[in-house]
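Once you scroll down, you'll see the structures, which are given as structure tokens.
Below, chain A partners chain B and then partners chain C, in two separate complexes.
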Partner chain A sequence: MSETKKFLYVNRKAPYGTIYALESLEVVLIGAAFEQDVSLAFLDDGVFQLTRGQDTAGIGIKNFSNTFRALGDYDVTKLFVERESLDERGLTEADLQAITYEDENDDWAEKPSIRVVSRAEMADIMASQDVVLSF
Partner chain B sequence: MSTLHTVNKSPFGNGALQSCLKHCKPGDAVLLIEDGVYGAIAGSALAAEVRAGLSDVALYVLEGDVKARGIDAGKILGEVKSVGYGGFVDLVTSHDRTQAWL
Partner chain C sequence: MAYQVNGQTVEHDEEGYITTLSDWSRDLAEEIAKTENVNMTDEHWAVVDFLREYYDEYQIAPAVRVLIKAIAKQMGPEIGNNKYMYELFPYGPAKQACKIAGLPKPTGCV
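Let's look at the complex of A and B:
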């Protein structure tokens, strides 16, 4: 087995206006099978992907927001959300759906996957990756 | 450890360049390709914002994309370096990672 690399999936697009957001999630789920160190970044309009209460019944498009809650089962447990991007769009963390994972190293305690970080922290996260995939 | 950022959208219709510049680290490079090259025009409404982001970040444009769009070399910001496809490859290999801003 080759060594583990740090992969960051950068999400900067709103969920339903273009196919980027859904494609990103598909690639994350595929990539999770390769047991790499995976993180997701949500900034700019990408923060809209995580809002709670999405209902796509009226637009004939699959609502894939529920799928984010399955990421923990694939050991994808780091979803970094940029605070400035939330602020600029009139959102707070309370507007985002709760996404959790069960920590196998802590008696399967349920822990939040979403971590709100500053823009400076996001820049540091980006600069610490081996591979950055943008959507 | 440094990053090459590529931007392929015009900053006049998309926030990719502005967001990119806000996430650069000292020593990083930004390469404008495709419609991204419009971000390098001197005297534009965004030129001051672009130049402010360049204190410790190098800015490049892909020459073929500039010429294709009829942008005179004299209209490009003075801090910007022009590269061809070979230079693009050199930038990729001389940085630790490449991050696309779409």
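Let's look at the complex of A and C:
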């Protein structure tokens, strides 16, 4: 059995307009099959990926924001959002959709996946990874 | 390439996945199942219905591991296990059931 590595997927771009956000999410879903320790980071315009009430009807692109709520099924339960990036865009945690997972070590209690962290904390999170993939 | 169902023509890709998701109907599912040599039972339908609900909520078809875990939770481990699911859908519960359910191929399936 190979050892588990810590993977961090860093999302810096708005959800639509470029393919980065969707590609990142797909890589996360595919990579989840390898049972590594996966976290996601959202900073800069990447925080817009998690905003609630997205409507893509006007641009003719699939709204994939609901897919983030499936991440818990894939054992991806750590979504770090940088507080300064939210502040700089006039957003608060209340503007983000609720994403939860069921903790199988705690009688399937529903717990929040999103954790808002400071820029300094985000730097520590990045420093503690084995692999950082930037999108 | 297309399926014929109730006098209607429904386009599909080279692997048999329908190209327009809104073309799906239960009659079409029976037709696709026939070409896959799958005889649809209540258990098959339960999996297909589950997949459609999952797609409706999350906009993705779940990976097979996620599918089996969720089926086990919903319908019990005697149905939600690898062996039983592969008996229902010999060419892979995710791949084949998604085709019958009129969904795209699951993310991560090559």
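Keep this in mind: the second predicted complex is superposed on the first by the 135 of 135 C-alpha atoms of A that agree within 3 Å, B and C clash if a C-alpha of one lies under 4 Å from a C-alpha of the other, contacts with A are read in each partner's own complex, and residues count from 1 in each chain.
By our rule, a residue touches a chain if its C-beta (ideal position, glycine included) is under 8 Å from a C-beta of that chain, and two chains touch if they have at least 3 such contacts.
Not measured: the values here are computed from a predicted model.
With both complexes brought onto chain A, simultaneous placement of chain B and chain C is permitted, the two fitting side by side without a clash. Annotation: apex chain A, arms to chain B and chain C, angle 130° (C-alpha centres, rounded to a multiple of 10).
In the superposed model, B is the one of chain B and chain C that contacts more residues of chain A.
In the superposition on chain A, A:22 makes contact with neither chain B nor chain C.
Contacts of A:44 after superposition: chain B is touched, whereas chain C is not reached.
Contacts of A:126 after superposition on the shared chain: chain B is touched, whereas chain C is not.
Measuring only between alpha carbons, the smallest separation of chain B from chain C in this overlay is 24 Å. Counting contacts as defined above, no chain A residue meets chain B in one complex and chain C in the other.
If you check the complex, the residues on chain A that touch chain B are 10, 12-13, 20, 43-44, 119, 122-124, 126-127, 129-132, 134-135. Per the touch definition, chain C reaches chain A in the complex via residues 54, 57-60, 62-63, 65-66, 69-70, 107-108. Against chain C, in their complex, chain A makes its touches with residues 26, 29-30, 32-33, 62-64, 66-67, 69-70, 73-74. Across the complex, chain B meets chain A through its residues 1, 3, 15-16, 19, 22-25, 97-102.
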